[in-house]
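First, the structure itself, so that you have it in front of you.
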Amino acid sequence: MPARFKKILVANRGEIAIRVMRTCRELGLSTVAVYSEADRSALHVRQADQAFCVGPAPSRESYLNQQAILDAAKKSGADAIHPGYGFLSENASFVRACDAAGIAFVGPPASAMDSMGEKTRARSHMVKAGVPVVPGATEPFKTIDEARAFAEKVGFPVMLKAAGGGGGKGMRRVEKMADFESAWRAAKSEAMSSFGNDAVYLEKYLDQPHHVEIQVFADSSGNCIHLNERECSAQRRHQKVIEETPSPILNPELRAKMGEVAVRAAKSVGYVGAGTVEFLVDSTRSFYFLEMNTRLQVEHPVTEWVTGLDLVRWQLDVAQGGKLPFLEPLAPRGHSIEARVYAEDPAQNFMPSPGRIQYLRVPGGPNVRDDSGVFAGYEVPRFYDPMISKLSVWAPTREQAIARLERALSEYVVKGITTNLRYLTAILRHPDFVKGDYDTGFLARAHEQLLGKDDAKLTEVAMLAAAVWAQQQQEKAATKIASAASGASGSMWRHGRRR
Amino acid sequence: MPARFKKILVANRGEIAIRVMRTCRELGLSTVAVYSEADRSALHVRQADQAFCVGPAPSRESYLNQQAILDAAKKSGADAIHPGYGFLSENASFVRACDAAGIAFVGPPASAMDSMGEKTRARSHMVKAGVPVVPGATEPFKTIDEARAFAEKVGFPVMLKAAGGGGGKGMRRVEKMADFESAWRAAKSEAMSSFGNDAVYLEKYLDQPHHVEIQVFADSSGNCIHLNERECSAQRRHQKVIEETPSPILNPELRAKMGEVAVRAAKSVGYVGAGTVEFLVDSTRSFYFLEMNTRLQVEHPVTEWVTGLDLVRWQLDVAQGGKLPFLEPLAPRGHSIEARVYAEDPAQNFMPSPGRIQYLRVPGGPNVRDDSGVFAGYEVPRFYDPMISKLSVWAPTREQAIARLERALSEYVVKGITTNLRYLTAILRHPDFVKGDYDTGFLARAHEQLLGKDDAKLTEVAMLAAAVWAQQQQEKAATKIASAASGASGSMWRHGRRR
Amino acid sequence: MKTTRWFASTRKGEEPKAIDVTPLGESRYAVTLDGVKHELESLVLPHGAVSLILDGHSYAVEFEENQDEVKVLVKGQVTRVDIADERKLRMRAATAGFSVEGKQTVTAPMPGKVVKVLVKVGDEVKEGQGIVVVEAMKMENELKAPKAGKVTEVTAVEGTAVENGAKLVVIE
Amino acid sequence: MKTTRWFASTRKGEEPKAIDVTPLGESRYAVTLDGVKHELESLVLPHGAVSLILDGHSYAVEFEENQDEVKVLVKGQVTRVDIADERKLRMRAATAGFSVEGKQTVTAPMPGKVVKVLVKVGDEVKEGQGIVVVEAMKMENELKAPKAGKVTEVTAVEGTAVENGAKLVVIE
C-alpha cells in the first residue's frame, strides 16, 4: 500500500477520537468525524474537518452502525478508518466490510481479529502457541445450564466474560451458584450493548492476581516487537482506574520473558498494528494469558511517555505498509502513571453522573498530559462511557510521578457534575499503592479507606465559608432592593423586587 | 545548610509563581503567595497555602517592595524566598536583605549577582575571564551627552540597554542620532519601572545575529555544568516570542565550546544555582557574551523537555546545599519549542489587550505543556506583562515538534481578549522558521507576511456563518415576543418586548 | 458594623453551631466560631468560585446551592453545610419531624433505562436490598432499599426510560 | 419556509453581498451566496461558540458582536462581517457620508498612563506621525495620527492615567 493516506475517518467519539485526530493533524491528514444525534455538540465534531451524523443516540444505531459509517467514509472520500477502542474496533466483520469497500482499516487484518477477538478462540490459539492461559471454557455457552454445569466443574468463584470484547464490559465475577443467573443476565446484556454480541464464556477466577499487559506492535512485513508493560491492577468492577509503567512488580528478566511471550502470541495469529496482550500474574510471579486487545488501548499514553513514541502515528505508518523503525526492545525511561477521570460518584457506588460541565480547569505544567473529550459548557450525555478525561504524568522516578499526579489532580476543577477526582487522589496516597504492592483486589478491599474521612480543619473552613457566603447573598439581595428603591439601576430590579 | 525547607514564599505573580508552586507541592513544601491589590483574584493567590497582600498595583509599590515581602516571609514563617524571574530576582540588595533576615534566597549569592546583575560590570568580568564580549560601554552613563558621545564613537546602530536587568525591558535600538533622545528616555523609564534602577549603557548593535543562550547550573560545592542551549532569535522589540532547543544552527562541537565558555563565565563569578549565559552568534558562528541572567529563565521548559529535569526542583536542592546529581553534559533528547501567548494585537503594533477572559480552552494531548497563570473568568490586569501562557511541546524531531506546536495552537481558545495565537502559528509556518534559518531580525523583516492574508474560503464561511447567526438572533427575538404575547414564559419577556 | 448570627450544621440531626459574622468592608469579615475569632476575606470570582483568605491561609472554594444545603468544595473535600439564620432556624423547628416518619420513595438518581424490577407490591424488603436495576452510561446500577418495610407501590416498568427524579418504588 | 435576504460585507465601503437564508428546522438552513446553494447547520453551544457544519465540513466558530459588526473567528482567522437586513441597509444608505468627513479624534485604545504628548494645538501632522505615548502593561505604545491635518485639541496630560476610549487629541 504505497499510496499515502490523505483523509482519515475516526469511527469513535470522546477523548479517543480527539486523540487520533491530534496525530492526524500533526501529520497533515484531514479528519472526518462521525457522531450520533446525542453527540452533535461533542468536541470531536468540531475538531474534525468534516462531520457526518450516523444515527440516533444508542450506539447500536450509530457508532456500531457499520453501513452508516462506511457511507460517511465514501461520501467524504476517506482513505482509511481509525476505530479507536471499543465500538467497532474489534469487530472482524467490520474489517471485512472496509476491505470490501476499498477503505483501509487502521488495525489488524480480519483473520488476526477472528483469532483473538473471540476470547474463547484466542485461548485455544494460545494453548497451541505454547502460551500459558487461565483455566476455563474454550468456547461461549449456548445456554445458561451449560454455563452452570461448567462453573460447577471448575469451581467458584468464576468470572463470566464477554467473548466479543474487553475493557471490563460484560464481565461479572460470580461467588456462588445463587448469584449465577443475575450475573449471567447482566454480562450478556452489557456484552450486547457494548459489542453487539452477547456471547459469554467463563474462566476460573484467580484470587487477587496482578493485571499486567504488554504493548506489542507488528508491521505487515512480519516484524513484531514489544514496548514494555503496563500495570493495570487498580481496577474496580474490572474497570481500570489507574495504570502505570513500569510495573512495580516486574524486573528486567520478567519483562523480557513476558515481552517474548506476548510477541509470540501476536505472531502466532499473523498480527499487524498495535495490540495489547493482557496477562494475570499471581503471587509466585507466574503469568497467564488473559486476552489480547486487538486495538489501541485506553492507557496507551503511559507507554508513549516512557518511550517517547506516538503510537497513533505508528498505527498509521503500519497501516500504509510502513516497517517498524526499530526491532530491539526499548528500555523504559522514567515512570508514568495515568488516572481515569470519571463522571461518577464513588460515594454512591460509583453511580454515573451525567450532566452539564459548568466550569472546567485542566491541570498543566511540567510533564502533565490531559487527554479529554470534554469542554466547559459540555453536557456529558448519559448514553456512553462516563470517562471524561485521562490525566497522565511522567517523572524520572515512581515516587516523583505519584507526587506529580497528585499535584495535577489537585489542580483539576470540574463543576456541575460529580467526579472521582478525590477518590483518585486517595488511591495515590494509599500505603499499598505507594509501596507498589497492589493486586486486582486492592480497590475493593480498600474501598472504605478510599472514600476517606473528612478533615476537621477543612470542615471548619467549609462552615465559615458557607456562613460568609450566606451573608454575602443577603448583602447582595439587600443592595438590589436598595438600588431598586432608588431607581438607580433601571426598571429590571424594580421588577425583581416583586418576585 | 542541612536543614530542609518546609515553606517557600514565591515573590512573583502569574505563570512563574504557579510554576514554582507546582514543584513545591510535588515536594510537599507549603507555599506562600504575595500579591498586589490588583492581583487579589489572580490564580497564584488561590494556588498557595498562604497569601499576603504586599501593596498597591504598581510593581514598585508591591512586587518590588522588599520590606513588605520580607514581612510576609517572617509572618508566614517561610524558610526561603523564590523570586521567579523579573521583579526582585536579580536584585542583589534584596538578596542581602534576605541574608540579614535569615531567610534563604533561592538564587545565586549577592556577590555573584553584583558581578553579573549590573550588565556593565559583567562585561568587565567576562573580559578578564577570557570570554568574548560585544564591543560597547563598560559602565552606565551618567548623562545623555556622555552616552551620545560614546554612540558616536562606536558608530550607529547602537543598542541602549538597562544595566539593572534583562528580558527585553529597557532596551532600545537606535539607528541615528536624531532618534537618540526619545530612545534614551524610553529605555530609562522602562528600566526604572521594571528593575527599580534606571541605569542605561550601550553596545554596538550587531547586524542580525542569532541569540543563543546556555543554561548553566552550579552548586555551592563549586561544581558547575551546562544543560545545553536555547535558540531565542525569534524576537520582536527584543522580546522573545518563540524559543527552541536544540538550536538549528549549533552542532555538537559548537555546543560543547559555548557550553564550556558559559561554565567558565559562571565559575568566574562564584555562581550558584540556575543561570543563563546569553550569547550573540554572528553569521561566521563566532559568539559573543551578551549578558548573564542570574535566575530561572522564562523559556526554561524547553530545557526541561529535552533533559527530563525539573529545574525548579534543582534550584531548591542547590539552595539547601545539595550537590548536582551529575557533572557530565547531558545530550539533548529530541526537540522542544515554546511559544509565548500574549494578550496583545499583532495587527495593532502588538498593542497589549488587557481585559476579561470570557472563555478558555487549553490544548492537551501528547507532549504538550501549558504554563499559564490565567483562567476562564480572569481579568488580565493592565499593570503587568501581557504574557498569559507559555505553550511548549516536545517531539523526537524538529519537524514533528513544529507540527505538534501548530496543532496545539490550533486548539487554543481564548475569548474576550485579543491574543497573538494566529501570529505564532504564522511564525511556525514561515519558510525561514521551517528551515531553521532565522536571526534576531527575522520577525521584523517578516512582519507583513506574518500578519497574513485572509483565506477567501474562510472569509466566505465567516459571511455565511454571520448571516445565519443574524437569522438565529432574529428567530430568538421573535420567539421571545411570541411567548411573551402568550404569557407563557413569565412577565420578564413582556417587559423585554417594550424595550 | 452589624453582626449577624448564622447557624451551620454538617450532618443531619446535628446541633447547629453559631457563627457570628461582622462585615469589615471590601469582602472582609470578622467571623467567630466556638469562641475563636478569625479574619476572613471572601472574594467571589466571575465563575462563582470563591477565593478565601482565612487568617492568611488561602483556600480555593467552590459552592453549589441545593435547596437549604450548600455543597462546599475545599481542597477536594466536599462538605454539605446546612446554613440558616435565626428566623429560618425557628421556622424549621416548627415544622420538624414532618418527613422523618412515613413512606420512602425510591427515585431514579439519574436519567436511564429500567433494566429490571426486583420487587413487587406487597414484598417485605430489608434495608439495603436491591430493588430496581437502572442502566445508564453503559453500566447497570442497582438501587437499594433506603429502609426496611413493605413495598406499597411500583411505578418502574422494565425496558422503559426514566428521567432524573422519576418515582420508581414506594416503601412504607 | 420563508427566505430572508441578508447583506454581508467584510470591508468598509465594499458592496455588500446578498445571502439568502431559508430555515430547514433544527438549526439547519439552506443558504445561497453568489448563486451557489449550501446546506448549513449552526449549533449554538452554551458558551456562545457555534459548531458549524457546512456541506459536511465542520468549523468551530466564535462570534463577538460589536455594534453593527460581527467579529467571526474561524480556524484562527478573524473576519469582521458587517451584516444587515434590507431595512437596515436602506436606513444606512440614507445616513451614509455622515461621519466620513470632519475631525478625527484619537482616543486611548486601552487603559494606561500618558507618558508623553508629542504634539500641541496648532501643529500640522502627517498621517502616521507619532502623537501620544501611552504606557500600559510595562510597554510604551506610540499612538499615530490617523490622517494628515491640524491638531485642534489636546486633552492628554503627561503623567495622568487614562481609561479605555478617553479622548486624547483631535485632528481636523
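Quick notes
A, B, C and D label the chains in the order they appear, each numbered from 1.
Operating definition for what follows: contacts are C-beta pairs under 8 Å (C-beta built on N, C-alpha and C of every residue); 3 or more make two chains touch, one makes a residue touch a chain.
Quantities reported herein were computed from a predicted structural model and do not represent experimental measurements.
Comparing the CA-atom centres of all chains against that of subunit A, the greatest distance is found for D. Chain pairs B-C and B-D differ in how many C-beta pairs they share in contact, with the greater number at B-D.
Computed from the mean C-alpha positions, the centre of subunit B lies at a distance of 46 Å from the centre of subunit C. Rounded to a whole number, the gap between the C-alpha centres of subunit A and subunit B is 37 angstrom.
With centres defined as mean CA coordinates, subunit D is found 49 Å away from subunit C. Computed from the mean C-alpha positions, the centre of subunit B lies at a distance of 31 Å from the centre of subunit D. Shared interface positions of subunit A, defined as residues touching 2 or more other chains, are 47, 359, 376, 410.
Listed for subunit D are residues 47, 59-60, each touching two or more other chains. Applying the touch criterion to all chain pairs gives A-B, A-C, A-D, B-C, B-D. Touching subunit C in their complex are the following residues of subunit B: 33, 40-41, 45-52, 75-76, 356, 376-379. Interface residues of subunit D, counted against subunit B in their complex, comprise 4, 6, 8, 10, 17, 19, 21, 23, 27, 29, 31, 33, 38, 40, 42, 44, 47-50, 52, 54, 59-64, 70, 72, 74-79, 81, 83, 85, 109-112, 115-116, 133, 135-142. Partner subunit B is touched in their complex by these residues of subunit A: 18-19, 22-23, 25-28, 47, 301, 304, 308, 310, 333-334, 359-362, 364-372, 375-376, 396, 400, 403-404, 406-407, 410-411, 491-492, 495.
Within the complex formed with subunit D, the residues of subunit B that make contact are 169, 185-186, 189-190, 193-194, 237, 343, 348-354, 358-359, 382-386, 409-410, 413, 415, 421-422, 425, 454-455, 458-472, 474-475. On the side of subunit D, the complex with subunit A involves touching residues 43, 45-47, 51, 53, 56-60.
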